[in-house]
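Pasting in a structure now, in structure tokens, and then I'll have a few things to ask.
A, B, C and D label the chains in the order they appear, each numbered from 1.
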Amino acid sequence: MIPVSHDTTIRVRYADTDQMQIVYNGKYFEYFEVGRTELMRARGLTYSAFEESGTRLPLVEAHCRFHVPARYDDLLIIRSAVREIPRSTMRVDYDLRRECDGILIATGYTTHAFLDIASLRPIRPPALFLDTLWPNR
Amino acid sequence: MIPVSHDTTIRVRYADTDQMQIVYNGKYFEYFEVGRTELMRARGLTYSAFEESGTRLPLVEAHCRFHVPARYDDLLIIRSAVREIPRSTMRVDYDLRRECDGILIATGYTTHAFLDIASLRPIRPPALFLDTLWPNR
Amino acid sequence: MIPVSHDTTIRVRYADTDQMQIVYNGKYFEYFEVGRTELMRARGLTYSAFEESGTRLPLVEAHCRFHVPARYDDLLIIRSAVREIPRSTMRVDYDLRRECDGILIATGYTTHAFLDIASLRPIRPPALFLDTLWPNR
Amino acid sequence: MIPVSHDTTIRVRYADTDQMQIVYNGKYFEYFEVGRTELMRARGLTYSAFEESGTRLPLVEAHCRFHVPARYDDLLIIRSAVREIPRSTMRVDYDLRRECDGILIATGYTTHAFLDIASLRPIRPPALFLDTLWPNR
């Protein structure tokens, strides 16, 4: 099985900075969100469509290691990767690099449950999800 | 009819600042939200309870004038006031002052529609709302 | 004199939504920031470079009118325009439209002072600024 | 040596929620910030005063485990604890509980470097910091 990986680019906003003149720590988790959203879109399943099918992907864990501060107006490349086919939970790994020089800004991961909205219970990954992301698993 | 007014206090977080070393402009609208939430709670109707009754108060307009920048760790007093009994929309006025010296930081207002969640249509202010906020109107 | 105008596109993030399932009101002012940043970049002056020249553009006023709610994953076109050459302050007007159907989501403006960082005093718009944005004024 | 621990209370804002009707994951790191700020204040050293002495505490790592979702208007108790006297870095542990029933909402930690602002280099924890937080170490 080939890991699913995708690169997307974001621009740091003024709103993302704090008075230390670097990106505020909590903002990186928003960047991770953009990364996994675009990974799903690139594989043919928007997170919107996935939600409409009745499932949510709430976080059970989040982690970030801050290597070099990102700064205002930096262009960042977020690489998001799912390295193992999810069973009960899904882990997504991220690394953020500065576009201009490739410097590693941050690494992290998020772990997600599959939640059925009707029953509010955790479920196995739906077929729609697995078939779209890993058609040849 | 006596205007409904309420003071509440918030502390500026590091996350609220930007690299200009002042509070980011968009954050003031969160402070306004805290102000009107606490105004409603002080009058005996939490916004949660109000939502559960089937109505929402989405914004139709928001305005802020920034007088003196608020800074990290400032304690701010938000005065929220409803000066006229709402008919189709409700206007809430705010002023923010620094607690330590009373300096005026910002003034603004938000205008809200009353939205019925079942029909997704604007409605007149519900009796629950008017009776709690203006019992002697 | 021809007004300076620019269109840029943003995607609504999950983080931008609130439990009313629409974009939180304070977020629109971040979208406005993206709009004016990209307007300046398109004219050849990044806001970073402008800050390095010793001037800041703090807000003195902000206004937004919410027409139709923006929702998760919407692609929005922000049109930012400066309609008059700034003298002591600069006003930027915005309108946000949904990319898929052109529906008007929000309109607003921000007014900015020109602040000299060395003296912390308001100044006239620097030549660097005027010459780049209005070379033929 | 007795660990330094402190409880502080925050109220979940509407702005903190997302369309899953729970607090957005990145927001928990803001709550952690409030926790460690108030821990320092309770020990007699505001983070502002600490910054003025020329040191910053940027994050090198952040982690959160989400147990039960926090919701709009929840009152949360953040317990922040430093369990070991910092040497080169400082780790702060957090747990968040719902005030009404003590339910565990989230646990996490942040790890911080001590950064000298003049040299932009990591330093040992300053005496001001250690003496205030651990006067009898």
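Note that in this section a residue touches a chain if its C-beta (ideal position, glycine included) is under 8 Å from a C-beta of that chain, and two chains touch if they have at least 3 such contacts.
Keep in mind the model is a prediction, meaning the values are calculated, not measured.
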| item | value |
| --- | --- |
| Label of the chain whose CA centroid is most distant from the centroid of chain C | D |
| Winner on C-beta contact pairs when B-C is weighed against B-D | B-C |
| Interchain centroid distance [CA atoms averaged], chain A/chain B, Å | 34 |
| Whole-Å gap separating chain B and chain C, where each centre is the average of the chain's CA atoms | 24 |
| Intercentroid distance (Cα basis), chain D paired with chain B, Å | 28 |
| Contacts with 2+ other chains: residues of chain D | 14-15, 26, 30, 33, 72 |
| Residue ranges of chain B touching chain C (in the complex, touch as defined) | 20, 22, 25-30, 33, 56, 58-66, 69, 110 |
| Residue numbers on chain D that touch chain B, as the complex places them | 11, 13-15, 30, 33-34, 37, 46-48, 72-73 |
| Contact footprint of chain C on chain D as seen in their complex | 14-15, 17-19, 21, 24, 26, 72 |
